[in-house]
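Below are structures written as structure tokens.
Next come two complexes built around chain A: one with chain B, the other with chain C.
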Partner chain A sequence: MASVEFMEIAKSFGQVEAVNDISIAIEDGEFAVLVGPSGCGKSTLLRILAGLERATSGSIRVGGKVVDDLPPKDRDVAMVFQNYALYPQKTVAGNMGFPLQMRGASRSETERKVQETARILGLEDLLKRYPKQLSGGQRQRVAMGRAIIRNPSVFLFDEPLSNLDAKLRVRMRAEIKELQQRLGTTTVYVTHDQIEAITMSDKIVVMRSGRVEQVGSPLDIFDSPVNRFVAGFIGSPAMNFLEGRIVPTDDGPEFRTGSGLNCKLPEDSLRHLGQCASIGIRPEHVDLVEEGADDAFGLRISVVEPTGADTMIIARSGDDELSALIKGRHAFVPGDSIHLKPLPGMLHFFAADGTAVQP
Partner chain B sequence: MNPRTATMLISAALFVLTLACAAIVFFPYYWMIVSSLEATSLFEWPPRLVPSSITMDAYVRIFTERDVFTWFKNTAFVASTTSIFCTLVAINGGYALSRFRTGSTTAFSIFILFSQLLPATLIVVPLYVIFRQTGLYNSLIGLAIADAAFVLPLATWLMKGFFDRIPVEVEEQAMVDGCTRLGAFYRIVLPLALPGLVVVVAMSFITGWDEFFLARTLISSQSNWVFSVGLTSFETQYAIAWDEMMAAAVVFALPAVLFFLFVQRYLVSGLTSGAVKG
Partner chain C sequence: MRRVFARRFRHLELLPIWLLTPAAIVMSVILIWPIAQGILLGFFNTRILNYNAGRYIGLANYEVLLSDPFFWNSLKVTVYYGIASMGCTYVLGLSFALLLNRSLPLRGIVRTIFILPWAVPEVVAVLIFIWMLDAQYGVVNYFLVEAGFLDAPAAWLAQADLAMPALVLITSWHQFPLALLILLAGLQTIPREEYEAAMVDGAGAFSRFIHVTLPGLRSVNVILILILILNSFRRVTMIYAMTGGGPARATETLSILTYNTAFTYQKIGYAAAIGTVLLLILLMFSLVYFFTIIHVRRDA
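== the complex of A and B ==
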């Protein structure tokens, strides 16, 4: 086990800048998730850590030791690729034993560890099979087995669940997390799925266009996003944004949108929020209220999505659109009018450049 | 006609057509064998498809009176050297063109494909001059190099195609698992490209085995004759020893046929892989 430190890492492919000035510290035993939209540089960063790419500038430390000049095999990291990258010509046992063979382990030791790892992952009956004879989930497990068998300092996962169906993905998510907790190995996990990021990680690194937008614990990032990008990216369903401005009135400050929605704000907030250009409201932080209630938005429903336990509503007023996750089942019909009120204290404020404004 | 009968008729027609095609393809070989076993049959009219008597005299004569063993030895040497040389260069070259892609490697790979378009007759004179100056003229190694040079562009492209189909992640995984790049190539990637490797080995071996034009031009002494050149020696100023020539041709073809039978399982998968989505 070891800590991982990225120090001012930059990487360009010709004229294209893939990552720029990335500095992240991942503690020993921590489960860190690099998350961001496609092309944000998260996989490049992971590949630099694995030694499969060389950084244009900057340095990486694993366990306090600079590894920039070490080839992948000497970095003591194990990697699981998105397509599993199993060796098609080797059996499951052959795949899992390969890293040990490469390190000069004896045949008996390799066999013993393969058996042991197969037991942990429930692969005992599949050891003689070839990758093409396995299902997606089984292949995924073999790839994990190959990673954990040699007890590396760091696990690297590059979108390992993307090729699985939704149900299996949820199960494997839990399995990977449980395994990581049991082994306590430092893990760097790349995904574009923010649910995976929130549910699995100790630390989330949100990236965009080759830069780090925010680093923090999942709940920190969920509760206090530093900008509109992070606020919109983390959380499902995604946060609503209403464009507008804060206007002082006799009853205190009020947020008004271009199409006439308005919402009262606490008295003391105006001082900090003069630069506010938009507010963010998470769909689950909206209450259904009666017509005429104070500070409620009057909207017209355009889409109703019952999820069983809750009802998802998308409603509009002029150019403003608000999605709301309302507890329970409701017999709404598109075209109905609805009154929604943001929960007090749950609003997020953003300046014109998208950075968060703290109330 | 009901559909079942129609299907059967179509199948039968296809079967007959296949037999006819096979007969056309195999008749020259049959005729070669028959002629080697019975000297008089070749120019008789009407031709006798089944020999009236069988004699192995021609075979005995070519092994006792001709230098068949030397030709055989030289041909085996040239074919094996061509095959080894061509395979070694093609797998490494194909890998490099597949994995290290830059503008110049792409231009180079197109360039070598163009060199495949040049006919041997165009190159043989400069090749002759170069070989004379470098001491490769009249040497079997020289002939093998010349033969390999003609197969290499296609062989390199073929291997490149096979390497292109192997996901780069498999190789990267091997590198993370403890291999060097070269180790990952030889331990993981190359075994996956085995069908392609067999095609290249077979293609270059056969080229080295039956090539005539370069062998005729670049080899001067009889002791260095390969089989294809040796076969022409049955035609003299006054007569052609057809039965001996045909017997020698059978002996000449036999190793190639056996070799193809041995590798045909890989050849079929190698030549057709990528034709359908796997």
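== the complex of A and C ==
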């Protein structure tokens, strides 16, 4: 096991800058998730750590040791690829035993470890099969088996669940997390799926356009995003944003949008919020209230999506759109008017350049 | 309504057969008819100068053939030539395919240059090589003597033990572009991730070649090897132009023996019997080829 440190890593492919000046520290035993939209540089960063790409500048330490000049096999990392990259002409046992075989382990030791690893992953009955005879989930497990069998210092996962169907993805998510907790191995996991990021990680690194936007624990990032990008990217359904400004009134400060929605803010907040250009409200932080209630937004329902347990609605007023997750079942009809009130203390404020403004 | 559909359906079902008929007729006339004639001829003692005087002699030609040392020599030469030229062609093709599979500067031009030998007509290639291997003026002898590998120029095509290696050399030079193209196509189907996974798993360049590249080429290999062997069994032009089967029958493959027996010794009935044996051997390889392709398709 080992800590991982990225120090001012930059990588360009010709004119294109894939990652730029990235410094991240991942503790020993931590489950870190690199998350961001396609092309944000997260996979490149992982491949640099694996030794499959060379950084243009900067340095990486694994377990305190600089590994920049080491080939992948000497970095003591194991990687699970998006399309599993199993060896098609080898059996499951052959695939899992390969890393040991390459490190000169004896046949009996390889066999014993393959059995042991197969037991952990529930692959005992499949050892003689070939990859093409396996389902997606089983292939995924074999790829994981090939990674854990030699007990590396760091696991690397490159979007390992994106080729699985939705149901299997949820199950494998839990399996990977459980496995990591059991083995306690430092893990760097790349995904574009923010739900995977939140549910699995100890630490999330949100990336955009080759840069780190925010690093923190999942709840930290969920509760206090540093800018509108992070706020909108993390959390599902995504956060609502209303453009507008804060004006002082006799009853205290008030947020007003262009199309006339407004809501009251706590008395003492005006001083810090002078530069606020938009507010963010998570759909689950909205209450359904009666008509005429104080500080409620009056909107017209445009879409109703029952989820079984809750009801998701999208409502509009002029240019403003608000999605809200209302507890329980409701017989809303598109076109009806509805009154929604943001939960006090759950608002996020952003300046014109998108950075968060603390109340 | 249903009847109309049924009629149309029956019509559609027969359509492929109708479309294939002209080709089938042409094939029968130019392929199956001569082959049948050839097989039939093997049971006659026909000679080329008095073609119509041939008598039916049953399996007599085959009896002679089984005890004919020239036939057994040819069979041996054919197998030797087939395997040696296949091996050299394959190794050359694979080496250049591996080279071209990397990102080289000017890859397109290099690839075209490597494919050129294939475009040279066999006779022209042979003439060039005959000059290069010439005992007195040949550039090959010149360099080998200058470099100290040979004491005196060798008569490559006139010495029984050198003619076959020379023939294998020119065959591989002429045929390797075919191997190169097929193997390069095969290499490009191997996913990059497999190599990367192997790198992370601790495999060096040689291990990656053994554990990823070669297995990845398996289906391509089987087909390529069969094609190369089949081609060498059938080859006439190149061998005939180069050595005519000599010296002392050292390069007389079954195809050349058939040709010589028919047109030099004029025993066309006996030649037909040899040709039939060659046909059976080729048929055997073709069946292996056919079933391999079916197997490979099913695998994919």
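Some observations on this one:
Everything below uses one rule, namely that the second predicted complex is superposed on the first by the 359 of 359 C-alpha atoms of A that agree within 3 Å, B and C clash if a C-alpha of one lies under 4 Å from a C-alpha of the other, contacts with A are read in each partner's own complex, and residues count from 1 in each chain.
Throughout what follows, a contact is a pair of C-beta atoms (placed from the backbone, for glycine too) under 8 Å apart; a residue touches a chain by one contact, two chains touch by 3 or more.
Nothing here was measured: the structure is a model prediction, and the numbers come from that model.
Once both complexes are superposed on chain A, the partners chain B and chain C clash. In the superposed pair of complexes, A:Ile24 makes contact with neither chain B nor chain C. By the touch criterion stated above, A:Ala85 is placed in contact with chain B and with chain C alike. In the superposed pair of complexes, A:Leu265 makes contact with neither chain B nor chain C.
In the superposition on chain A, A:Lys73 makes contact with both chain B and chain C.
With both structures placed on the common chain, the touch criterion links A:Ala50 to chain B and to chain C. Touch criterion not met for A:Leu325: it reaches neither chain B nor chain C. Counting contacts as defined above, chain A residues 50-52, 71-73, 77-79, 81-83, 85-89, 98-99, 102-103, 146, 156 meet chain B in one complex and chain C in the other. Every residue of chain A that touches chain B in the complex is listed here, in rising order: 50-52, 71-73, 77-79, 81-83, 85-89, 98-99, 101-103, 146, 156. On chain B, the positions that touch chain A within their shared complex are 167, 169-170, 172-180, 183, 188, 191-192. Within the complex, the chain C residues that touch chain A are 191, 193-194, 196-204, 207, 211-212, 215-216, 218.
Here chain A touches chain C in the complex through residues 50-52, 71-73, 77-79, 81-83, 85-90, 98-99, 102-103, 146, 156, going by the rule given at the top.
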